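In the two complexes that follow, chain A is the common piece, with chain B as its partner first and chain C second.
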Partner chain A sequence: MNMLQSVLLSIPHGIIQGGAYGAIALGLSVIFGVTRVTNFAHGGMLMVSMFMFFELYTRLGIDPYLGIIVVVPIMYLFGMAVQKFLITPLLKRESGTTQDPASLLLITVGLNNALVNLAMMIYGANYRNMPTKASTSYLTIGDAVFVTQWSKVIAFLASFLLAFALWFIINKTELGKRIRAVSLNRDAAAICGVNVYKTYAIAFGLGIAAVAVAGACLSEFYFVQPSVGDTFGTKSFMIVVLGGLGSIPGALIGGFIFGLIETVGAQFINTTSASMLSFLLFMIVLFVKPNGLMGKN
Partner chain B sequence: MNSNTKGNFLQGRFFGLIGIILLLVAPLPMPTYQQHILVLVLFYAYCASCWNIVCGFVGTLSLGHAVFLGLGAYISTVLLQQLSLSPWIGMFVGAIITCIFGVIIGYPCFRLSGPYFALTTIALGELLRIWVENNEYLFGVYIGGSRGLLLEQTGYQPVAFEFNGKIPYYYVMLVFLAVILYVTYRIKNSKIGYYLVAIRSDPDAAESLGVPLARYKLIAMAISCFMMAFAGTFYAQFFRYIGPTRIFGHALSVQIALIALIGGQGTVFGPLFGSLLLVPVTEFLSEHFGGELPGLNLFIYGVVTMLVVFYMPKGIHDYIVRFFSWLERLIGISKKPEKQKA
Partner chain C sequence: MKRNTKMRILSMALVAAMAIGSLAGCVSEAPAESSSAPASSSEAAGGEASSEAAATGDVSEVKVGFIWPLTGGSATIGQQHNDGALMAIDEINANGGIKSLGGAKIVPVVTDSESLPDVGATQAERLITNENVPIFTGCYNSAVCLPVAEVAERYETPFVSQGGVANAVTESGYKWVVRVNNKATYDVEEMLRGIDLISEENGIEVKTYALIYESTDWGSDNAKIWKEFADERGWECVLDEPVTVGQSDMSSQVMKIKAANPDVVNVSFYTPEMIVFSKAMTANKCNPPLGIWSVGGGSQDPAYFEAVEPNEYEYNFVQEDWNVSMPYLYDWAAELNEKVIAEKGYNLNSFFAQGWTAAYVVYQALEAAGSLDKAAINEAMHGLNITLSEDDHTILSGYPAIEFDENGQNIHSTGTIIQYQDGVQIAISPAENRTPGYSVICPIPDDFDTRGQNSKPWGTPPEVAAE
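== the complex of A and B ==
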């Protein structure tokens, strides 16, 4: 196979990989866009949801896709609880003084450390995977020219569904109206009778529920391990910033760009070096266009 | 508590003095392992103090400071291995290069605020880590790739920054720490310090009063990177090994930041307090429970961080100073408690 062919073939792989990145970043985009909280515990939350799917699969034999029904509501409540008990008190405390993003950032860094290492204590550092039906059957196109796991294809499609669902909730429902109002102007929304902190909690819960859905798709083809969220957490941040704050299509597009640049880049340099490219791209975009590719002004 | 530091270097003078004496003699009667932990306490206190100069005073959160540590370590080690240059000299070469690198990086970064700055520093750290892990040679010079660089044991050679046992390392680090504390103190009580605090409290107001934001942030960055590189050289000489995964790693950057923040950002002794509190506990836990419960020490870091952010947003520094002032008054050493207001 010549170089051109392998590069061309890496493009669909990259897009599929990007779908998974996008799915993970979507939840963060909602949280970051609405509450302006830099949720560094996003990767930790992803990891927690993946371990829940793992437990359901190994103990009860429930496929992660089915497990969504159980895990997503739990993660939604977990997200609401984090906002209510950890972040809202800080927002209230600092609303009078100058806003100090450092403490909000720090509390999520602390939470992430606690979650990741709690999982490390319970499960150890071993890599686990789930040989589900979707992960062991393959989609083959042509004479084995393009082969990929079905679970990756499902993840790719799910990212669109998830993006649509979030877009629908935020743009077409009464709840979404409140969320948009709060994200535009917290004080004005409060004057209009919107319960700001409750809306924040719902938005945070939504974001975490979204990451749990992404976790279900990811656990079908990726290993489950306590530090699995570290890279994904950092990268989803960069994807969200790249795509523009709070922009749902932006998060998806940012995910595709990351997936493409890493997979196509891996054809020229080795795979581990390729993830360097996405960090480089992020830094360049931030220096040139600090509002992101799809960000408004 | 923060406003009256001028002319009052040691607020709890009596206990401060006891503290200094304790730091001077503490490792002497201890077994090697405890000495090792004490060296680590001072090392992390030093790193956190460097971080404090730029991030504690300016208020921007760098989560990639290990980059400068790693650069310092690599430069002096490569110079030692390739040119047999003593790390005592290589340390300064590393510091100058790291300083230039930090200023070049800081120039565009400081235009970004809050989370963007933190994210850029993370990206930078990851970028450098992955690059070093995947390259064994830089312009034909061996840098070890993901295996890192191993420094051979050559025995007792003070000229080459190599000693027997932990005690000499301890005192070298103690001198380093004294220097950085003095530098922090001088910065805090100089024009730069006042400017930096003004920038932290309200950048717009500071700029409108004619404070050149970019220049002073960069000065702080330069000092911080310069000092950070020394710690890198120390790390390489003390552990006799540098691996990119650890020394450029995100975990180390976060650890340094957390020690300073838990100790008290923007204070002179905060990072030392933070290190004294956290490092022995976590090292002890990882030593005794590392086998059965890996991650317990970092779990503690996480929980302590959340508690400190929640209940002591300014860090433990103020509480410790207040406690010892109270203790001094209680046992009647400090005759004039109103000295606090001077």
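== the complex of A and C ==
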């Protein structure tokens, strides 16, 4: 394999990896788009969903893809509860004024720390693996020219399905109308009879349900561990900001850009420098287009 | 009023949530698994305050500090070090404690570095100034051992550095620091001697190599020394790839390795990156003829073997920082192995053994000093001369002896190169340590479709025919 071949082959790897990043970032984007809350517990909630899939797999032999039927509704309710009992009281306190970003930020950071440490107490620090059919079988093209786990290909495809499902809910349903109304102007929506806080809770639940779907895909090719959210949490924020806060296609596009930079960039320079490129691009976008690539002014 | 009440309830809930978090952090600081639960700080003696008492033999307890990475990237490794250290302290206390101090019991004060240099340094300072420990040990990660050694030096407190193979730990002129285990130079020397041996036995000439490592003190030090020794042999470095920690996929790095086509690959990663790397190497069917050589780190961690499949580490070579044959060579090590399996659920391994040995070295220094005066302990620590035997349980790590040079480096620390064959660790190099009846599998076969199918569970001892 020469340099040109490795660069060309790194492109599909980057796109596939970017799909997984995008899937994780989608929920974060939905939550911010509607509630304007930056959920720093996103990584922690990803981790919680992955441990649920792990429990279903080890105790009942249920594959994470099938486990979505059980875990996603639970995570949806968990997300609603977080919004209702932790975030809404803070929003109500600031009712009529600007929101208090410090308290909202701190409450999600605190929740994340609590979730991570709770998992550490229950499960310890060990890395857990689920050797499912999809994670142990490979898509091979040519004589091992391009090889990747089927679970990664599925994660890539799932990111599109997830994005479409979220787009459909928000743009083509009655519930979506309420969500859009609240995200545009919560006071005006309230005057029109929309229960703003209930809508917030639904949107938060949707975002957490989306991250649970991403968790199912991720646990098919990555290990489960209490700190697993750290790896993807920060990256998700950067992807969402890059793609445009609140933009569903933006989250996917941001994911692809990050995936491509990491894999294609690493063919020319070392991995450490390639990671720096992602941060550099993030900073440039913040300066040149603060609303992100797909964000609205 | 109602809103205020709600806010109070919310605040209390948040405090409770944060408390859960803090509690989890505290769990790692409590020596919960040690039967010698710490008494109140006034009862446990340490430092200058109790030196007078120690001189008169009026000491019932001596606090000893431990700093391990109990959370963060090296958490599983730190937990095993801690298991080993606490079980050693239990045994020491059960056998009468520190006899030269009138049978004083050792009280472990365990702290968590979180795998972070700044946290480790803060914990060291806390152990010395708040807990008044007269001696302490830790911290596994080189990046943590280095600032902690600085703290030990500043407060003139003896420090037994465990892990932390970066040469600088014992080559920075520190007077209060010793290191029991290998330094990076010894590690790499052992690996390259192993490669020399294998290439000679199998008639395969090494021409090129690739280095892939995490961009920390440990990984960078290891890569730098590899280059020096490889240059001496005339090998060409075709890939030098530092990797930032926190990678979720390494397909791109593996493609670079495939493009560079090296004869041998050296990897230095802690557990999470090692898992990701191994999966990517197998997924991309990357098969260097002289194999993948690891200096330890993640590839010695039992947690790694729980997270990967047998085909993902089959044929790999690992420089183990202990003598893997200890449970088969010494009865006490065999008994301890059974106990560890029963109580901890894993086999004796490098990290447990080294945690154990570090705790024993601390005890030996206190025993030899017969005092809690830090200068006396330091002098005794540097003068230790212990030989591996059936009667002395200090050197579970299997080094032939412990004796420190003028820099505080143990001059007898050695390891063993092993190769995984059907999931079993087979000692390969040095030749005199080779597991009887086995030979090296080299060049590495291109059998990805069937690789690992007959593997035994990790930790299964090799079957050695009776002579």
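The rule we apply is simple: the second predicted complex is superposed on the first by the 289 of 297 C-alpha atoms of A that agree within 3 Å, B and C clash if a C-alpha of one lies under 4 Å from a C-alpha of the other, contacts with A are read in each partner's own complex, and residues count from 1 in each chain.
The working rule: a residue touches a chain if its C-beta (ideal position, glycine included) is under 8 Å from a C-beta of that chain, and two chains touch if they have at least 3 such contacts.
Everything numeric here is computed off the predicted structure, so don't read it as measured data.
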### Task
Using the superposition on chain A, decide if chain B and chain C clash or fit.
clash
### Query
Does chain A have more residues touched by chain B or by chain C?
C
### Message
A:219 in the overlay: touching chain B, chain C, both, or neither? Say first, second, both or neither.
### Response
neither
### Task
Have a look at where A:110 lands relative to chain B and chain C in the superposition and call it first, second, both or neither.
both
#### Entry: Touching partner for A:118 - first (chain B), second (chain C), both, neither
both
### Task
Could you tell me if A:286 is touching chain B, chain C, both of them or neither one (first, second, both, neither)?
first
### Message
Just checking: does A:3 make contact with chain B only, chain C only, both, or neither of them? Give me first, second, both or neither.
### Response
second
### Query
So, does A:238 touch the first partner chain B, the second partner chain C, both, or neither?
first
### Task
Based on the superposed arrangement, let me know which partner A:29 touches: chain B (first), chain C (second), both, or neither?
neither
### Task
For A:127, decide between first (touching chain B), second (touching chain C), both and neither.
second
### Query
Of the partners chain B and chain C, which touch A:247 in the superposed model: first, second, both, neither?
neither
### chain C-contacting residues of chain A that also contact chain B
86, 89-90, 93, 107, 110-111, 113-114, 116-118, 120-121, 124-125, 230, 270, 272, 275
### Query
Which chain A residues qualify as touching chain C in the complex?
1-3, 5-6, 9-10, 13-14, 17, 20, 85-86, 89-90, 92-93, 107, 110-111, 113-114, 116-118, 120-121, 124-129, 131, 136, 138, 144, 147-149, 152, 221-223, 225, 227, 230-232, 262-264, 266-267, 270-272, 274-275
### Message
With touch defined as at the start, can you tell me which chain A residues reach chain B in the complex?
### Response
38, 86, 89-90, 93, 98, 100-103, 105-107, 109-121, 124-125, 226, 230, 234, 237-238, 241, 269-270, 272-273, 275-276, 279-280, 282-283, 286-287, 290
### Message
Taking the touch rule as given, give the residues of chain B at its contact with chain A in the complex, in rising order.
### Response
59, 61, 63, 108, 111-112, 114-116, 118-120, 122-124, 126-127, 130-131, 133-134, 201-202, 250, 254, 258, 261, 265, 293-299, 301-306, 309-310, 313
#### Entry: Complex contacts: residues of chain C adjacent to chain A
3, 6-7, 10, 13-14, 17-18, 20-25, 27, 70-73, 75-76, 79, 215, 240-244, 246-249, 251-253, 255-256, 258-259, 261, 271-272, 275-276, 279, 283-285, 303-304, 306-309, 448
